[in-house]
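The following pair of complexes shares a single chain, chain A, combined with chain B in the former and chain C in the latter.
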Partner chain A sequence: MMLFKLALRNLIGAGTRTWLNVFVTSITFVLIIFMSGLYQGMFESNKRIMIETEIGGGEYWHPAYDPQDPFTLEASHGLLPDAIADQVTVGVATPILITQGSIYPEGRLRPVLIKGILPEQQVVALPTSTLSGYAGEAVPVLIGAGMAKTTKLKVGDTFTVRWRDAHGTYDADEVEVISIMNVENFQVDQGQIWVPLERLQQMLDMPGEATFVVASQETNLLANPGSWRTMSVDALTEDFRRIMLTGQAMMSMMYLIFLALAAMGIFNSQVLSIFRRRKEIGTLMALGMPRGRVIGLFTTEGGLHSLLALVLAALYGGPFMYWTATNGIPLPFDYAEIGMLISPRMVSVYPAGLFVSTTLLVTLIVTIVSYLPARKIAKMKPTEAITGRIN
Partner chain B sequence: MDDNHIVEIRELVKRYPVGGGHFTALRDVTTDVVVGEFTGLVGPSGSGKTTLLNIIGGLDAPSEGSVTVLDMPLGGKNHKELAHLRREGIGFIFQTFNLLPVYTVFENVEFPLLLMGMNGEDRRSAVNQALEWVDLMDKVKSRPAQLSGGECQRVAIARAIVKKPKLIIADEPTANLDAENSHNVMGLMVNLNRELSTSFMFATHDEKVMGYLTRIIHLIDGRIDEDEQVSKPKYREGK
Partner chain C sequence: MNLLRRSVIILMLSLIWPLALSAQSEKVPTASELIAAMDANLTAKTSIVTSRMVVHGRRASRTITSKSWVEGAEKAFTEYLAPPREAGTKMLKLEDQLWTYSPQTDRIIQISGHMLRQSLMGSDLSYQDMMEDQSLEDVYDGVVEGSELLNGRDSWVMTLTAKKEGLAYHRRKAWIDKEWLLPMREELFAKSGKLLKSSYAEEVMQVEGRWYPKVWVFKDELKRNSKGTEWIIDEIAFNQPIPEAQFAKAALRK
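Showing the complex of A and B:
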């Protein structure tokens, strides 16, 4: 307790030098927690978007379906196994049929995925109900805002779509954009058009067939849905999770740089302290302070830097982090354009463990870099320290 | 050790490594200091005054011979034991005051008592008493940078006496003071010596200090050249 009081007295007495170190360390605290929170927020937000708009509570895949291999699409369609069909009937799952096709907006060819979905489905948060009640002769299509932007399509535009049916015969028809949806998930937006499932089944001559089925978040996935494969949310987000882990490793490097900067500041300050305060150190020894307590005093002084930094960080970083956790930070450009699923507004998430681990880590490192120069004091002869000489 | 002896030194030799060889700072020094003595080590620069004081204070170790201070033989003692001796039994006064710059006058004087683990009430009382001794009660909240040289040395004296040590070691205590302040601080120390029977050991070549000493040990080239008892110190009254 005495060492703590003395260290605090010394720190406060040191004035500007102390506050500069405290400020630098507090920046480290805020940056590490903020960046981690942002990354955590990005991961959770993107996972939520994927679940809400794309994968629901999991999927059932046709045995031949492989989303990474477009060449499998031609063969990956079939009638739903009974157990899955039952879930579709009661509205806790929705089938999706996919085929490759081409569209010709403004006469230019664009390859697309044509996706058929039940207009009345409530399993994924897509405005598919806009596909129902269309009275025109063309095929009604729903596209995403990203797709509309790249193809310069707007509601009411008609264009030609061409596809290959179940028998390998090419066919074409006119489609009309009846709705443009704003959806944060480019994976249900870019390069695809959504049409009513039944209409697509007719176009492809695949009555009652689907490529995969999305289950609702509220239902339990069937463990054994016949010949189709069950894909859990974890399995469907695994690639994304791995990408995030890779990113996290890079973030860790940044944390280390922040920490190293703060640690160097404290270390430099402590080393300077030793040279500037060697006479004081000699006096402490002459007055009867054992070497161990002198080391303890200087180490405590260093450790207190991180405590004061924590308080300072809470003062200015707290409101800032609260703001980023409630309002989010708008991103300067659309990451969908470079094929990354990142929400246009990044809302940070700060779990309690993040605060605890960052505090412990920073305090530990700051204490270590305070201890190292303090050890040098222990080797200093009191007779030389008193006169201000360096040995 | 004689009950009356506070320091016993026998055949003390102190050598320092210099280049490939050694420099001998003290040679065959044998002497005793008794309780209540007001002793000065006098001699030219390099004669070994400060070295002898440092060894008596447990800040440096002898190369040969034995030194016993306050019944503790210093040979073979570790840093912790020597720190304990200094903390409990010895007060130090330095030429350059060596006050802790971020502490107030009160805190500087309080510091040795904090090290001793004295409780708050006793501590405050002892600090106030020491500050009254040196007539600095009006400066308790000042910091060393706000004090004159004489005031700083009075704070250093208060810090040395606050724990009522049996021995006070003062290395050139008046070297940075003018004549008036030198006499003031020496007067204070004489009073302490008389009223508390505190033993003082000085290293000095200041004539003013010598005028207060009751014993003068002359050192030349690390040897005791003369050990003189002063029956009537020049500036000391009523002896």
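Showing the complex of A and C:
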């Protein structure tokens, strides 16, 4: 305890030098925790959005369906196996039929995916109920806000859509935008239009068929749904998780740079401190303090930087992190436009483990860089140290 | 009075008689006969064509020059010669398969599925339009509806309705020039009856004793304000020998 008190007194006595090191280390603390939290938040938020608006509690895919391979889309439609059809009947799953087509808003050609969905479904958080009750002659369509922006379409606009039916014959009809939805998931927004499932089945001459089925979060996924494949939430978010891991590895490099900057400052300060305080070291040793305790004193002094930095980081970083965790940071740019699933407001998530691991890591590195210069003390002779000489 | 009446009858008969005679002499051909006559003009065992495709955009027009080697309806090889951005791009069609080669990436890509519906070099034609190689007579029921004047020239009007599933266009309507026996205008319809595409011959030429379109204009009718795409034939030679190697995939990289 005496050593700790002495180390703290010495450290505070060093004045500006100490506070500069503490400040730099606190910035490292805050940056590492903030950026990790932001990244974690982004992952959690995007996964939540995907689950709510797109994948629910998992999906059942037609055997030929592969969303990564557009060549498979033409053959990816069929009647639902009985077990899946039963889930659809009780409303815990909703079938979706997809085909490729072209739309001509204001006479300009634009390739799209035409997706058919049950208007009454409540499995995914899309406002599909707006598709029911349409009394006009055109085909009612629901589009996302991103799609509306890029195509300059608004509610009430009509345009032509062209597609090919199950047999490959071109067909075309007029459609009317009856609703524009604001979903943060570009994967259900950009480059696609949503129409009532039954209408699309008629248009394509594919009665009762679907491309895939989304199961509700509240239901258990069927392990063996006939010829169709079961895709769990983990499997559907696997690519996204891998992208995040790759990003995390890149960010770790950045953390190392921050840590290295803080560590270099403390290391430099320790070297200088030992050089300038060699008479004091000699006196302590001459008065009977064992070398190990002198080394301990200087290592504690260095290590205390991390403790002070933690307190300082908590003072200014705490409120900042609380704000980012509750309000989020609004992004100035809509990443959906460049095909990235990033929420327009990034809300950070700070798990307790993140604080513990970051504190341990910074403290460990600061202690190591404090100890390394202090090892020199072990080689000092007290008589020479008192006279100011050092080997 | 009798003389006047007789004179009027004679005058009327003299006017109507030649028309009646011509009507009697003009036999309305069947759709099969018309298709066969058009095929005689348009198809050959082989053809080697140098052509330009003028794609009219909203702001500017682009001219793409190419040379094609065609054997029957199932084999075609095209090399793009200009502009520099497209030069060296090659395309090979073998029956229902299509490959393209891009010198920039040095890669051969097979065009299939939805990509076949994409526009060919930004034109009003799709790759799918290029792929049609079935005989019209085999897949459509044709009816000659009569004759009409098209740009001042007498033409047969023929409607073709799909007689089997799987055809890109459910109905076609063609205006066939009675003298040249060429389709001077064609309209392609969706199942719903909506007009999807149209094409017309703007200029014709006589090559090796047959009539052939010199300038052909294609238009996507769903595009608003579209000026269409012109296809201009600069040189064409029929029934020239083409080595089999020309239609090998390896020829794409040469």
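In the analysis below, the second predicted complex is superposed on the first by the 391 of 391 C-alpha atoms of A that agree within 3 Å, B and C clash if a C-alpha of one lies under 4 Å from a C-alpha of the other, contacts with A are read in each partner's own complex, and residues count from 1 in each chain.
Definition applied: a contact is a pair of C-beta atoms (placed from the backbone, for glycine too) under 8 Å apart; a residue touches a chain by one contact, two chains touch by 3 or more.
The structure presented is a predicted model; accordingly, all values stated were derived computationally and were not measured.
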{"item": "Chain C versus chain B on the shared chain A, clash or fit after superposition", "value": "fit"}
{"item": "First (chain B), second (chain C), both or neither touched by A:L73", "value": "second"}
{"item": "Partner chain(s) touched by A:R108 [first = chain B, second = chain C, both, neither]", "value": "second"}
{"item": "Chain B versus chain C as contact partner of A:T169, first or second or both or neither", "value": "second"}
{"item": "First, second, both or neither for A:T283, with chain B first and chain C second", "value": "first"}
{"item": "First (chain B), second (chain C), both or neither touched by A:T383", "value": "first"}
{"item": "Which of chain B and chain C A:Q100 touches, first, second, both or neither", "value": "second"}
{"item": "Which of chain B and chain C A:M2 touches, first, second, both or neither", "value": "first"}
{"item": "Chain B versus chain C as contact partner of A:N10, first or second or both or neither", "value": "first"}
{"item": "Overlay on shared chain A, then closest C-alpha pair between chain B and chain C (Å)", "value": "71"}
{"item": "Chain B and chain C contact sites that coincide on chain A, given as residue numbers", "value": "none"}
{"item": "List of chain C residues in touch with chain A within their complex", "value": "112-115, 117-119, 162, 165-170, 188, 190-192, 194, 196, 220, 222-226"}
{"item": "Chain A - residues contacting chain B, complex", "value": "2, 6, 9-10, 12-14, 279-280, 282-292, 381-383, 386"}
{"item": "Touching residues on chain B, where the partner in the complex is chain A", "value": "54, 57, 59-60, 79-80, 83-88, 90, 92, 94, 96, 98-103, 107, 111-112, 114-117, 159"}
{"item": "Partner chain C, residues of chain A touching it in the complex", "value": "70-74, 100, 102, 104, 106-109, 111, 160, 162, 164-165, 167-173"}
